[in-house]
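Before anything else, here is the set of structures, which you'll find just below.
What follows is a pair of complexes built around chain A, which joins chain B in one and chain C in the other.
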Partner chain A sequence: MRLALAIGTFFILVIHGVVFYNQFFHQWERNQHAYFDQARVLAKTDVERSTLASRKPRIEQIVVSNFGETRVDRCTTCHIASDDPRFATYAEPLKAHPYSTTLGDAQKNGKWERRHKFSEFGCTVCHDGQGRGLDPEYSHGKDEYWPEPLLGYTTQENWRKDFAPKLKGKEYMQANCAQCHTEIAFPGTPLVTKGRELFFSSNCYGCHRIEGLSDGTIGPDLSDVGKKWKLDYLWGRIADPKSILATSIMPKFNLKEEDIKALVVFLKSRKGRNFAETEIQRFKVKLTGGAELVQATIKPVHINPAEMVKQGEKLVLDRACTACHKLGDRDGGIAPDLSFEGLLKDGPWIYDHFKNPKSTMPDSIMPAFRFTDDEFKAMTAYLLTLKGTSPAGNGEAIYKALCLRCHGEKGDGRGPIAEHLDPYPRDLTKAGFMNSKPEARLVASIRNGVAGTSMPAWGKLLSEEQAKAVLSHIQTTFTKEARRELKVRPIPEKNPVAMSKESVARGEGIFVERCAGCHGKKGDGKGPNSLDILPKPRNLRNTFFVDSVDDRRLFESIQYGVQGTAMPPWIDYGLTNNDVGDLVNFIRSINQKQQKGGQHAAPVQ
Partner chain B sequence: MAVNLKRSSGEDSDGGKTSRRKMLGWLTGAGLFGSAGLSAVSNFVFIKPRATYGQPQRFSVGKPEDYPSGTRAILASRGICIIREGSKLAAISTTCTHLGCTVGAADTGFACPCHGSRFDQDGNVTGGPAPRPLPWFQITLAPNGEIEVDKDIEIAPGSYLTL
Partner chain C sequence: MSRPTPPKSSLLATLLDLPKNVWSSIFRNPLPSNDLERSATSFTNFFLHIHPVKVHKNSLRPAYTFGLGLISFFLFVILIVTGILLMFYYVPSTTQAYDRMLDLRGSVAFGTLLRNMHRWSAHGMVAVVFLHLCRVFLTGSYKKPREFNWVVGVILFLLTLFMSFTGYLLPWDQLAFWAITVGTAIAGYAPVIGKDIQFLLMGGTSVGQEALLRFYVLHVAVLPAILTLMIAIHFWRIRKDGGLSRPEDADPKIAIEPMEVAATKASVPEPKKLYGFQGLVRGPLTKVGQVPDNTVFSWPNLFLAELFTFVVTLSAILVLSLLFNAPLEEPVNALHPPNPAKAPWYFLGLQEMVSYSAFWGGIGVPGIFVLLLLGTPYLDRGPKGVGKWFSRDRLLANTIFITFVVANVIFVIIGTFFRGANWAFVTPW
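Coming up: the complex of A and B.
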């Protein structure tokens, strides 16, 4: 017992001693002693020597309040020779900070003079790191919870091993230069300039918002991304988006390593408010949407009518359309194939879709990009020349070439890009749906497309026979059930209820009561029950679709339900022909003109 | 433990057993009192803070060329007055030794606006309630060619830095 006690107390004494030693005999003191010793050797006059003799180790600090929050930088406690030119060739920490013309340092009478004096700027403004720290590990930000490790010098333990070596280098500090030097194309920050250009040329701005530069809404706001995230995360999100967030829909762009670096530096420089900006300047940038900055960065291409197609092709390829779309060998894996665009769409459709994607596809997620009208025209002209090559072979080959990208390998409507389409591609394995529709309608869907959805009209590419071959391939491989004779049902060809205010009002009443649970109060297919339903309830405000469907089909879908979906046969729940007529009138009325504002589906006044 | 007891009781003399106990007692005592002593010393060391908040006491005030001969420049934010006469430089405090107001320059030297203390060119008291002359701070030429003032070190009035 006594022995254990003795050992115990001795152990405590040792620990106590170590703590004591660490607390009162610091590395920085030893560094300062080393500096004084060296300086004494280098001293030339007695005055210098006597000055040195009076200096004792102490914590040196620079207090800087000009750049955001007040900074207390104690870096010079260890790096005590940082402003002593005699120590230019010594090893760290006793190394003088180099002079450089790129930093604005100038030589006067053979002596260097700093542009950024340490006493005014401190250290962490440029270098990051933990200014108050006195322990190398903490002050350099090696600790994984410190948000700002020394920029370009320190990588943290938990950073991805394959990225970490790429995140070292002085050039990363340009991100901090840009906190004050916000000029476009500032010569000291070439990577920021390049990154800003890439932000536009790679169409990042289509999805992401950066205050004063862009206003995309699909991706996260990047206005202060540099403040929130470290280099490792930024690099990862660009180089391999899914590795950081498995559900990320951001495409993996085909970027070179230098390009990623430039983007990372540019994003790191986005820290919200800049030191150099006044409130007024910031307000101005906000008002104009940074028009000056944007104009200086996106240089519109002068379109020469003679070379329109060629210039359009260059724009489409250079501006990363294939980051989402497929075109020849390039495939972004997000959006539809453009290889046959010239056959599937016409000029005005493509042009309108460019100008405002939602104007032609109500639920499109494609952003409206900033191009000039001439550029849009050139790109349209180029897309119209894309006719692809007519797929040869049997139904299976055609399915693989044209349909698989959306409808999927198994025909279940879960192709590679399906999740980005709204409405989703049809699940072709649902025999209930497939076999309840006449063959002629299915062939028509293939050849004429489905208006307002991503299903294009393949009619110019596929003959009647080819479409039928594809359909029979689908029937035998995916649907599997044989077709049966369809029942003949009493369905009115035309809506028996005349369109009137009263009919629409009655229709709205029934809609809210019976339909809104799935189709939503607004009729946009986003009712509370819609989340659990696949295929999703139809968006009844998709005017292109609703207009393409005749009264007979609306009656059939409502009265007898849609087999293979959640739409029930309402005839079983007591809806009469007149009720359905009112509903049809209501659905037609909300598509008669674009309604603006208003929470509820309001009939036309 | 049992083994130890057996071994010690197996020894011939009583003396061996007690000295072993004593030894352990000593070790325990040394450990405990050593730790206590270290804690006590640590407390005393912590009485004076090592770093203070606010601007550092040693700072650079620019190049000697910025102060031509005959200059008496008051740097209000730093609380000092840089004096240059020929090739001689000095830094005099501008904090009144009476109640700590900032003194201003006057024809005859410095004058305090608060209670009328007056100082001559070298900071000696010539009138008013100030009890002591204005202190002079150490002024040196840093290796990068700039003048450095250290407000932590007071030097005898009249001692200049000669360039």
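Coming up: the complex of A and C.
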């Protein structure tokens, strides 16, 4: 017992020895001693030499309060020669910070003078890193938890191995220059300028919001993305979006490496509020939406009327349309195929859809891009030349060529792009729905399309026989159940209740009471129950759709329900034909606005 | 004039005797050489007199206690010392706390070591206190007359958890912020008063400056005071309840003589009969030195064992603190939660259960467990099975207890290692 005690006590002593050694022999003290020794050799006067001889190592620090939160930069404790021009050729950490005219340093009487004096700026304002640290590991931000590793110098252990080497280089520091130098084309920050241009020319702004620049709502707000994320995340998000987040719907843009770098630098410079802005400037930008900056950044293409189609083609490729849409070999996997666009849609429709996607497709997620009218016209002209080729072969071949992208391999309405479409593509395996509709209507849906949805009028490409062949393929492969004789139901051909204010008011009452749970108070199909329902409740404010449906069909859907969906037969719940008439009047009344534009659902002649 | 000046040699002698005189004025007894002096050493020293003069051999068996109670106490001492030193540098402010952590890590003398020691001792204390609780349960030591001390012990365990939990927030990094956000949310699942407790703890609807200040005050003032008081009661009760528990057959049988015989015997004066003070209070076992009683003197047996435990504890903490740095993650970003956000490890069992059912996992099951623990000595009244590990007589109680403990340990392990983003099941390899 006593021996064990003695050993234990000795052990504690040894540990204390180690602790004290670590505590009193710091790396930075050795660095400072080395500096004093070297400086003594270089010293010219005896006074200088004696002051150096009497200097003792100590923690040097610069307290910077002009740039955001107060910073305490102790970097010069190790980099003690950073402002001593005699040490220009020494190795780090005893190297003098280089002078450079691009940084604004100027030579006066043969002596360099810094534009950014260390005593005013400190180090971390430009370089990032952890100013308070005195251990290289921590102060350079090598430890994975530090949010700001030395910009362009330090990569962290957990960064992706293939990205990390690309994230080194002085040029990344331009992101920090831009915290003060916010001029539109500041010569010192070419990558920030280039990145901002790419932000527009690659259409990032369509989905993403950046305060004072853009208003996209589909993707995350990037206003302070540079504060939240490190370089490796930003690079990864652009170069390989799904590797960071498997559910990301961000398209993979085919950008060159230097373009990605410019975008990363630009995004890294987005830190919410930067140092140069005042409150009133921010407010002004808020009022104008940053129009000035945007105007200076977007470079419109001059359209030559003679070469519209050619220029349109170039625009469609340059502006990354295929990051979402499919066109030839390129397929973004998010939006519909454009290969038949010239056949399925007309000029005005395409042009209107460009100007304001929701004006022709009420629930489209396509962003409204800020191209010039001429550019839109050229792109429209190009798209109108795309007629595709009529697919040959049996129903199965046609299904695979035209329908699979939305309706899916198994016909369950879960094709590759289905989740981005609203309303969802029809689930063709639901026999309840498929067999409750007359065959003629299904064929008509194929040939005429469904107005207000992404289902195009394939009749412009397929003959009646081909459409029927596709339908029979669908029925044998997906629906499987044999068709039954349809029940004959007493359904009024025309709405028996005349349109009137009173009728609409009565209809609204019934709607709020009976329908709003799923179809929503506004009738937009987003009621509280809609989240749990597939297919989603119909958006009854989709004017194109509502206008394309006759009274008889509305009566049938309401009174006898829609089989294979959550819509119940309301006749069982006591709705009379007059009630339904009021409802139909109410639904028609909220779709009064007649919108023009290439309505693609006009019946095929 | 007439006063005789002391001779020089006398002054020298006084000076030479000074160390000895100072020493003997502080320590009245010389190093003991006989039993009487051994007794005197124990009860004349302020720090030693909390111990009994003689201690039962069974209490000294390492395999019986594993020294767990003592280790908990020494960890608490280390925590107080390092904690007070850390207080010199800490500011409970959301704008400064994290910077202070960086300063501790980088530029304060011994800052890293202090923080590491404090952190690892805190984790260690939670673990060791829990093991101590298991030891006491599995040896049946909560039985009469130690029922109330068991209750005090359970309260001490809960206080330790709360102490560690309140300290968790103070570094004000992402780990702290989200662990406390999750932890207080678990408290919010309690019925009726849950939301109020949550609000009271956080001083608002989210973890912020008010929460930091509250946790700080709880951590450095309120809880240590309560904990110290409860520890004092805990130790005092050990003495009053007759020392550590031991099996019935550890003491030799003493035949109690009939009253008349005892009375006649008492009339005959017997030389040098020693009575312990304890014995005066407690009745028949008054005779000391007359019967073989399996006790040994505390000096040196008990004190050496205690010193040894202390040395081992301190070495372990020092080694841990040299090898592993206490974690310090990113500064708090309330808009950017880590995925998954995890509570401190000792609450991960709760969090894992909460992921199945908010009420039952966070409040119901742990509440029942704590109530059962508190009620154990009053529910399990059988006198048998005291002082033996896994006694056959206490099969049912031990089985229930081990089931709870193993279940909790499994949940903690699942929560710590097998839960990834969105609390989905992942394998750590």
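Methods note: the second predicted complex is superposed on the first by the 587 of 605 C-alpha atoms of A that agree within 3 Å, B and C clash if a C-alpha of one lies under 4 Å from a C-alpha of the other, contacts with A are read in each partner's own complex, and residues count from 1 in each chain.
One rule holds in what follows: a residue touches a chain if its C-beta (ideal position, glycine included) is under 8 Å from a C-beta of that chain, and two chains touch if they have at least 3 such contacts.
From a predicted model like this one, the values you see are computed outputs, not experimental measurements.
After superposition on chain A, the partners chain B and chain C are accommodated together without colliding.
More residues of chain A are touched by B (comparison of chain B with chain C).
Applying the stated contact rule after C-alpha superposition, one finds that A:138 touches chain C and leaves chain B untouched. Legend: residue contacts after superposition of the two complexes on their common chain; A:34 is shown touching neither chain B nor chain C. When the two complexes are overlaid on their common chain A, residue A:249 makes contact with neither chain B nor chain C.
Legend: residue contacts after superposition of the two complexes on their common chain; A:84 is shown touching chain B, with no touch to chain C.
Once chain A of one complex is fitted onto chain A of the other, the partner contacts of A:510 are absent, as it touches neither chain B nor chain C. Measuring from the middle, so to speak, at the Cα centre of chain A, the directions to chain B and chain C differ by 50 degrees in steps of 10. Of the two partner chains placed by superposition, chain B and chain C are both touched by A:23.
Contacts of A:397 after superposition on the shared chain: neither chain B nor chain C is touched.
Within the superposed three-chain model, A:119 lies in touch with chain B and out of touch with chain C [touch as defined at top].
By the touch criterion stated above, A:147 is placed in contact with chain C alone, chain B being left untouched. Least inter-chain distance for chain B and chain C in the combined superposition, rounded to the nearest angstrom, is 7, based on C-alpha atoms. Of the residues of chain A, those at positions 1-2, 4-5, 8-9, 11-12, 16, 23, 59, 72, 74 touch chain B in one of the two structures and chain C in the other. Those residues of chain A whose C-beta lies close enough to touch chain B in the complex are 1-6, 8-13, 16-17, 20, 23-24, 39, 47-48, 51, 54, 58-63, 72, 74, 83-86, 111, 117, 119. Every residue of chain B that touches chain A in the complex is listed here, in rising order: 1, 4, 21, 24-25, 27-28, 30-32, 34-35, 38-39, 41-42, 45, 50-51, 53-56, 58-60, 138, 140-145, 153, 161-162. Residues 95, 99, 102-103, 105-107, 109-110, 113, 173-174, 304-305, 307-308, 311-312, 314-315, 318-319, 322, 327-331, 333, 335-336 of chain C are the ones that touch chain A when the two sit in their complex.
Within the complex formed with chain C, the residues of chain A that make contact are 1-2, 4-5, 8-9, 11-12, 15-16, 18-19, 23, 59, 69, 72, 74, 130, 132-135, 138-139, 145-147, 228.
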